[in-house]
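Note that chain A is present in both complexes that follow, paired respectively with chain B and with chain C.
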Partner chain A sequence: MTKKVLDFESKIKEKKTSVASTNKRMSWLLLTPVLIFFGLMNILPTIWMLGLSFYDYTLTSSKGATFIGVTNYMDFVKNEQLSQSVTRTFLFLLIAIIFQTLFGVLIGVLFWKNDKMPGRRFALTLFFTPMVVTPIATALFWKLILDPTFGVINYFLTSLGLSKTDFLTDTNLAFPTLIVVDTWMWTPFMALMTLAALGSVPKAELEAASVDKLPIRRQITTVIWPHAKFILMLGILLRSIDAFKTMDLTYIMTNGGPGDRTELIALSLYRFAFKSFKLGYSSAVSVFLLFVAIALTAIYLYVLNARKKAEEQS
Partner chain B sequence: MSIATTMTPSRKKGPISLLTMLCWSTAILFFLPIAWIIATALKPKNTVLDIPPKFFFMPTFQNLLDAINFSNTLAYFVHSLIYSFTSVFLAIFVSFLAAYSFSRFKPAGTEFLMFLLLSTRFVPAAAFVIPFFQLFNLLQLKDSFLGLIIFYTMFSIPFSVWILKGFIDGVSTKFDETGMVYGATRSHIMFKVILPQVRSGLVAAFVFNIIFVWNEFLFNFQLGGLKTYGIPVGLFTSITKGGQVDWSFVASIGTLYVLPLALVIFFFQKYLLVGLTFGTVRGEV
Partner chain C sequence: MYDINLKSLTKSFGELQAVNDITFSIPKSSVTVLLGPSGCGKTTLMRMIAGLDTPTSGNIFFNDTDVTRVPTKRRNLGMVFQSPVIYKGTSVKHNLELPLLSEKLSSSEIAKRVNDVADLLGISGDLNKMVEELDNGTRQKIAVGRAVARQPQIILFDEPITNIDITAKLELKRSLKEVFSRLSQTIVYVTHDQTEAMTLADQIALMQDGVITQCAPPKEIYEKPNNQFAGWFLGNPGMNFIDEEHINLSGTEITSSLFIQTIEAGAKVSKVKTLGVRAEAINVSSKQTPNSREARVIRKSLGIGGQYLLDLEYGSLKVKARVTHQVGRDVGESVWTVIDSNNIIMFDENSVAI
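After this line comes the complex of A and B, so read on.
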């Protein structure tokens, strides 16, 4: 009798372990295609890039690649032009994101308050389109609009009695103009995130607050903010990451000029690689950018997990 | 008090409120630059550079037709269609398998792999251009659809895995268990039981990956060639066509590019959020 029970139990155990092992095999089998792509298109290039960063390798020179250790990294740290470019990128990111968040939250609240307005979907389509237009097209569009001789903006300026301005080649105006265009492009994104953030506030809590006649200030601090802060943070983080990557826009609109007034780090990198063909050196810069990206991803996922935890608690 | 009531979101009827007017004018303000480009494309060619600019004119479709008939324009669109659709289909298929595995079996290192996948989308494209450029030269994949399709498949995988895992996590494991009890095969459970329930995740992944691939410039420019250049390269080269910039032509190409995009935003608006946050945030807007 007991033997039978024991037999039965061991059979169940066997079955369980065999299910577990088939599951394990199955899980890796399903992952294989993605892992192959990932290895081929990410791990391999990354290793290549890491290796290259320790070599002096310029395509246009005939002497081939020579191992030089960390010299490229030292050069990168010492290169004033590059460190300026990094500082400029952070400045650009900071100013642009402050404006985008401000306007985005404002407009987001407008549309949130007005969730039954006539033609809302159509209005939102008009509003959201700038952010999905490829930066190449954005840059071209603004070049036409800002053109010093026949651009429509300059027409308005002169009809207001102001003098004609070449926004994209003026040393003082090029950088602010870039920020204006970026703000035009990405304010809709921050508004979208604001809408999502406000949408993540439980309706019941909002209703309770309005039934209790909670003053609007208290409503924001005690009901809306604790829920909305996560998505808003995620939006700001995503914008930072994107701003850090900005390249196409500056490439077409100003090509980093005048001088290097609008040269952001991604464009500097591109130039090192494809204008001066310093592959070893630009790989070192790439490795730096890779680490920045990984750090930003970690922060992003941290906020994402914090949100998940807060949701599970409530 | 009366202000407070007009400002509440539940207000439905009555004359158009101040709030609605504000919302509409904001939307139009943001669309103005694009509207100006469309207007430029519709203006007769000889009036495009007029000062003062013409705000009222008889629209003509001649510029758009000229742009379509210009040597490479159609080819750019066709190339973009070929590599974006193929690679996004492929990416979503393999991502669905991976997302299912991540969601249901949670193999060791799931979190880390998800983290790595997302981080690849956060690296400036220029950082990866050199190794890819050399790799493609080495494997003779430059200016080939095969090369671009492989590249854009990887490009689309991180977002697809993230979005699909989120959606599959939302489907109860009871479906899988019930299926197993009734002796269904794993592939039956995956494709016949789970897949139909994550349809909106698939649509979002599809639409936004297409937009991302459609908009990608740098790699198409560096890894492609005359046989494979897509629309962004077409836009880029439109400005260098001939000696003087032909703004009618640039605006026409821009219009042809931007109109389908606006339509997509109109029809797939509810997926915009999940699409632009790489599948990490879901919600109503």
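After this line comes the complex of A and C, so read on.
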């Protein structure tokens, strides 16, 4: 009798394991195409790039690739233009994201507070269009809007009696203008993240706060912020990673000019790789960019993890 | 203290009428429990009293003041939610203090109230702990404490025990009973759990399909349900209903295969459609006694508190009886039952007691 039961149990176990292993095999099978694609298009080129960064390899030169150790990296550190471009990129990222967060939060809160406003959906859709338009298109039409001869902004400036301004070639205005356009384009994203962040605050807690007559300041610090901070920070981080790679805006609108006033690191990299064809050198710059992106991603994952922990606690 | 007066209060969500034209008074300084099955509109009704939902039509008065359009913040009430709401990242003490800070009280008064309420709820030892460290039961106590410490005129409880795990449930219920006995506020308590309602209520307002069908003290609503729903919903098992085919009406008298006596009902007889008998109103014995009916035991189970639940069969009529002693009869054997006429309730064709 006992043996029979044992037999039966082991059979069930066998069956369970075989189902589990079939499931496992199936999931690997289904993953394979993506893994192959990912390996070929991401992992392999990255390893290739890492190797290339230790070589002197220029496509336009007749000599082949020669191993030069860390010389590319040393050149990169010593190159003042490049380090300026890195500093400029961080400055661009910082200022743009501060404004985008500020306006984004403001608009997000506005939409959140007025959730019964008529036409809210329509307004939201309209408001989020800048984010979904291709950056190239955005850059092109902003270039037209800002055009000194037939741009609409200069039309208004002159009709107000002010002098014509060429925003994109003015040494003092080009960089701020770029930030304005980037802010126009990405504020909706931060507003969306704000809406999501506010949406993550449990309704009961907000209601309890209003029953408990907590003043707005305390509602923010004790109820809203502890929940909303995670998604908002994730938004800022995502935006940072993205802003660090900004290329299309500068490429179309100013091409890094006037001088190098709007030359961001991604544009420099593009020039080294596809104008001068210095593949070894540009690989070294890419490796640097990769590490910055990895650092930002690490913070991103840390925040995600912290959020998970906080959720588990409650 | 305020009493709460509802005038033709209605709330609909699209097609659904959650609260349907309720005119009702909740007396001050007492505990009124809104009891009903899920979806009967009890929480919606409470949320309208709190100002968290706006009525589709009708008015809410606190005493004689119309508060229908007054925002929650200015209604001077406290509320405890179904899921324990705590303000994270702070201590238990700070949680209890928070609502008091905007009340313009002296710091000694605040400290006194916090300590009093912590004593009352038995969480004095936890005052300096961070709220995150605590289990749901204690968290809910903090939420109760926050509502009580501010000493509002009205305190609302929205199924505060439902989301608490079973061990902490009993203790929390005891604490609530203790708190309620000390408070002089108007308390409204929403639940779908009849035991909770029976334990805590001064009066139970029974709700069904957006309407309050009966409001009475627990004992009265249990013993004298004014409709079949009340009889069925309260009690475990609910009331036995004997429909027309097992009742004989002749003249002014009612007879049935369930009991041996004849009930003299006067002119009411013509309206009787159904009879109701509570399971414990059926006296069961193992020997034949005068004026008893014979029944066959078709199922026997052990209920809570050493009680037995018997499924009895009188010919084609089946009822449930509850006994506190061993009858000593097994399934398939006969027992004899007696029912006091006072424990038989008559319902008309609209299921209303007559």
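Quick notes on this structure:
The rule is simple: the second predicted complex is superposed on the first by the 283 of 314 C-alpha atoms of A that agree within 3 Å, B and C clash if a C-alpha of one lies under 4 Å from a C-alpha of the other, contacts with A are read in each partner's own complex, and residues count from 1 in each chain.
One rule holds in what follows: a contact is a pair of C-beta atoms (placed from the backbone, for glycine too) under 8 Å apart; a residue touches a chain by one contact, two chains touch by 3 or more.
Since we're looking at a predicted model, the values are computed, not measured.
Superposition model on chain A: chain B and chain C are shown accommodated side by side without a clash. Between chain B and chain C, more residues of chain A are touched by B. Look at A:218: by the touch rule set out above, it reaches chain C but stays clear of chain B. When the two structures are aligned on the shared chain, A:110 is found in touch with chain B, with no touch to chain C. The superposition-derived angle at chain A (between chain B and chain C) is 80°, Cα centres, a multiple of 10.
Of the two partner chains placed by the overlay, neither chain B nor chain C lies in contact with A:90.
After overlaying the two complexes on the shared chain, residue contacts for A:73 are found with neither chain B nor chain C. This overlay, made by fitting chain A, leaves chain B and chain C with a least C-alpha separation of 6 Å. The residues of chain A shared by its contacts with chain B and with chain C come to none at all.
In the complex of the two chains, the chain B residues touching chain A come out as 7-12, 16-17, 19-20, 22-24, 26-28, 30-31, 33-34, 36-37, 40, 48-53, 94-95, 97-98, 100-102, 104-107, 115-120, 122-135, 150-151, 153-154, 157, 161, 186, 211, 214-218, 222, 231-232, 235-236, 238-239, 247, 250-251, 254, 257-258, 261-262, 264-266, 269, 272-273, 276-277, 280-281, 283-285.
Looking at the complex, you find that chain A touches chain B at residues 23-24, 26-28, 30-31, 33-34, 37-38, 40-42, 44-46, 48-49, 52, 107, 110-137, 140-145, 149-150, 152, 155, 159, 184, 187-189, 192-193, 195-196, 199-200, 231, 234-235, 238, 241, 244-245, 247-248, 252, 265-267, 269-270, 273-274, 279, 282-283, 285-286, 289-290, 293-294, 296-298, 300-301, 304.
Of all residues in chain C, those touching chain A in their complex are 50, 52, 71-73, 77-79, 81-83, 85, 87-90, 98-99, 101-103, 132, 143, 146-147, 150.
Contact residues on chain A toward chain C in their complex (touch as defined above): 202, 204-205, 207-215, 218, 222-223, 226, 310, 313-314.
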